[in-house]
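Note that chain A is present in both complexes that follow, paired respectively with chain B and with chain C.
The block that comes next holds the complex of A and B.
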């Protein structure tokens, strides 16, 4: 069976692969290569595309809006996974501790991931509204805090975006960790108790290391999700104030789809592709190593 | 005896305090939804006065307004159609290719698998603009079936989930079916596919939640009102009712209602399906 490739035997299996192969090649790989190709041209949809070398890449790196979008995306994609992980693991441990209302709690914490990020963004944009009608400011004024311009101050807008994001995904990621915690054999804890380990020590030396597999997945989902974020900043702040919360996806759509600067937009996508490629590859390598070391 | 009783007693009190604290945290998490519901039952003046107070009397005009100003039924059916069709395509394509690649040992299949997995490294931003141009050329812009065809490209995600699960189905089953004279196609659909049910459920939940809530794809590829999805209706509604918050929030409730109802009924199922799939996959 090995080595030889008999077409007659393999034929049905090849047919099984064909649909995915064709669809994926046309709608993912072909556009990816086109993206690399267009990035070196001055195409705008109407003219005959001409090769312009690395001009588009130079424009990308000298475009202050693009640089800002890039740094916004990076700040966002570092903060969200770290904060969500920091909250989700303790939450999972608490949800596992056998409270009477644990099922209700789990359902509530997961709930923010059900409606779309677009709608979550709109709701929060009302809640964080800086006029007196914003409910967050109403609550704060109860404690004597003056109205805060949550979405109108650049730094606070980014902070609000991150907070809303963390609020929205912590519950779901806690559930991923919870599924993992429930799969840790009881004997480990029993042995630790005999050795005199309690409370935090049990968490530090058993639970936390055993969570390595779900941590790899959770961080990967968070990281790739944050890097391509679009809906939430679009509805919460529409990228503002100014460009304070504008993300790379939004800029690429503006340049490529709205302004039809195909060359420039694809040059941006190409640069971003390599950044994401390096970050995700590093993340997976580091976390897989960590899993191996811990087990 | 009494000592152990007080000790247990103290533990119970601590537990109760912990539980109360957690429920308090839950109410903070749920606050935006409470705010959303409460605001829609009040007049705009009432909202401005005290956003979190319960309505003095229930005021349903906002819902009536919102419902009249959006094409709910139409958008709902479009969203349902897109979600349903893409789910079938993705499950059929993805699981079949996972079966072939899992069962054949030749290097060729290994190569195909690596090729499929490469897709995970490609962010949407990279392909968005060329994809838009491609869709324009193929005449698939502003067509519901255009979006459905487009999503078949994401079968590799389903492939990825099925691939991990496929090895749990014993090869002996294939062999005995083969001896009985069943074709590969028949073997797969009659014997193997029914055994993949757990991962199909996980896959379906992932897909339904992702597609139902997707805004970017319809935003890019569907422009006319008749092809509107629920998320596009939301976006339009926000533009229209920018100053009429209660009406806008009512349309939000109407739009999130189908998925929330689905969640309430299948809650345990959804959370377990999503999380166990994530941990295994």
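The block that comes next holds the complex of A and C.
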């Protein structure tokens, strides 16, 4: 009987999940399906929706602002996961060391992930003020450096956005790696030490391969979070200067809420949903294969 | 036997419960008591601001209860407003603003408020803003705001300059300040286009007050009324470096701080700024100037009517809603409201004192010599975003002045086609 679905046996359990299933269908699945239908209409929130075919989807790919936002999002979502992973793994190794102050250090490095991205953005916008009175520029002036236009030029604004995001996320992801490191059997390191392996070789042949499962999860979280980022660019740069740091989510909200082009906005959301789905699926497949090969 | 007696007792108890319920449901309230009517009120002012006027109204009208729903301005309010309207649950009273007034007018969402007693005392600008094409007043806005150029009089005096009284003196003053190593302007990334708006007011709107109406009807384009102003703005502010790349990384608060602490002579100032300026530099000697026209005669202020109160055209409590609006728009109601809202009162006969730094420009407001594209445009939010982004790109050097006008005309055409 094991493995065979028996309704009489499963029925009480199904009843338990039924209320949640109904609520999820009503508040998530149905609106999702409904919004997909709106993508084929010219609904502006007030009129009676009229079917317009795939016009909204065509507009998505011909809107130059949308193309720039997509390009900005891709740059951001490639840079942030790579940089966070590059910093988080060594940080996790350091935080796993036998230092007396390691608990304090763990708290300090974890702290940037505590406040919301919105608050972080507002605080950093003050610190990265392009004038000579900005905190960072004032510190740099002690070393004879002229004021840097952190948020005022397109490239520097994107760089500032990436730096703030990496600063805010590294500690949290280091904790994921730290938990994985602490589960690696000590015997592997002892055996490697006996065989004369240096610290770097122990990291390269033991620690790094064993971090594969947490790397899959961490990169997936970073990738999806970066692709659908909204709060940090909104509070730090407001998408500026111009459209230099405008992300896809901001354009979707601008088209939908500000311009009341709900049909266009839902078409953009639908396209973006499939882009994220494909990228995330590919990432998980590739990294799962890597996990299997390494282990 | 015991089981039977228990069952009989239970049946008797249930019967008593049901019959008692039916008994009391038949009761009517004392016919001399007035029924309490509850009016829904969607406000973008919070409970703290509305409390004094709501309490005072309740004292005079104990049978009308106001159920205040707060949604903070601007986009949160507009979203909530749109959702409530779409679900046919828009409250009896709501706030109409520049951002949703076209929707309110086009969908006939509001009742005519022309019969309210204080409409006769309302400023022309406030009346015009919320009057539809059929002459119906759809919202009563008791206040407004205006903005122009804040000038640091102390700094000008130190450099041997008088407060400019016209365009030529203003341009000369900026040139002199720059030559003496003083930054003429403290701009932020979000107000770079304010002087451009000023030129639109003095060069276009002052000559044709119906320019925006003509654009919205398709008779004219933005190219027709914005080409000269944008070139003037580019020549007077961007080419000279008064508006420069460094401003793109500055917020409004930071720019105000730079100006208030004497690092620049001019900045964009509005009616809500004196409170923060007093905190930054209580001893600062400053005043508000209008935007100067290139003919050395025309002057204008940026400004608009504040938000107004409307009655839902589908309300089922029309009389009570009107009673509430009558009180809200009475002298007493406006006085209580403005005590918390701190707007610039636009109704004659109200005991109101304008801030001393703004009083020279107050007559512009009362006479209606104020203009804000967002209030006049059909697609204000979308075009406002274009104005902001392209002004940043022009100052940053990645766009030309004509690109802004092309983008505005294109956006208007796209939105018109989609509507």
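The rule we apply is simple: the second predicted complex is superposed on the first by the 284 of 295 C-alpha atoms of A that agree within 3 Å, B and C clash if a C-alpha of one lies under 4 Å from a C-alpha of the other, contacts with A are read in each partner's own complex, and residues count from 1 in each chain.
Just so we're on the same page, a contact is a pair of C-beta atoms (placed from the backbone, for glycine too) under 8 Å apart; a residue touches a chain by one contact, two chains touch by 3 or more.
Since this is a predicted model, take the numbers as computed values, not measurements.
Touch criterion not met for A:86: it reaches neither chain B nor chain C. After overlaying the two complexes on the shared chain, residue contacts for A:282 are found with neither chain B nor chain C. When the two complexes are overlaid on their common chain A, residue A:151 makes contact with chain C while staying clear of chain B. By the touch criterion defined above, A:243 lies against chain C but remains apart from chain B after alignment on the C-alpha atoms of chain A. By the document's definition of touching, both partners, chain B and chain C, reach A:257.
Shared-chain residue A:44: touches chain C; no touch with chain B. Of the two partner chains, chain B is the only one that A:20 touches; chain C does not reach it.
By the touch criterion stated above, A:126 is placed in contact with chain B and with chain C alike. Counting residues of chain A touched by each partner, chain B versus chain C, the larger count belongs to B. Common to the chain B-facing and chain C-facing surfaces of chain A are residues 45, 126, 133-134, 257. Per the touch definition, chain C reaches chain A in the complex via residues 75, 78-79, 82, 85-86, 103, 106-107, 189-190, 245-251, 254, 257-258, 379, 381-382, 385, 388-390, 392-393, 396, 398-399, 415, 418-419. Residue ranges of chain A in contact with chain C, taken from their complex: 42, 44-46, 125-126, 128-131, 133-134, 147, 149-154, 157, 238-243, 254, 257-261, 263-264.
Within the complex formed with chain A, the chain B residues making contact are 15, 18-19, 22-23, 26, 29-30, 32-33, 35-36, 39, 47-48, 50-52, 92-94, 96-97, 99-101, 103-106, 108-109, 112, 116, 118-134, 149-150, 152-156, 159, 183-185, 188, 209, 212-216, 220, 231, 234-235, 238, 245, 248-249, 252, 255-256, 259-260, 263, 267-268, 271-272, 274-276, 278-279, 281. The touching residues of chain A, when paired with chain B in their complex, are 1-5, 10, 12-14, 16-17, 19-21, 23-24, 26-32, 34-35, 38, 45, 94, 97, 99-101, 103-120, 122-124, 126-127, 132-135, 138-139, 167, 171-172, 175-176, 178-180, 183, 213-214, 217-218, 221, 224, 227-228, 230-231, 234-235, 248-249, 252-253, 256-257, 262, 265-266, 269-270, 272-273, 276-277, 280-281.
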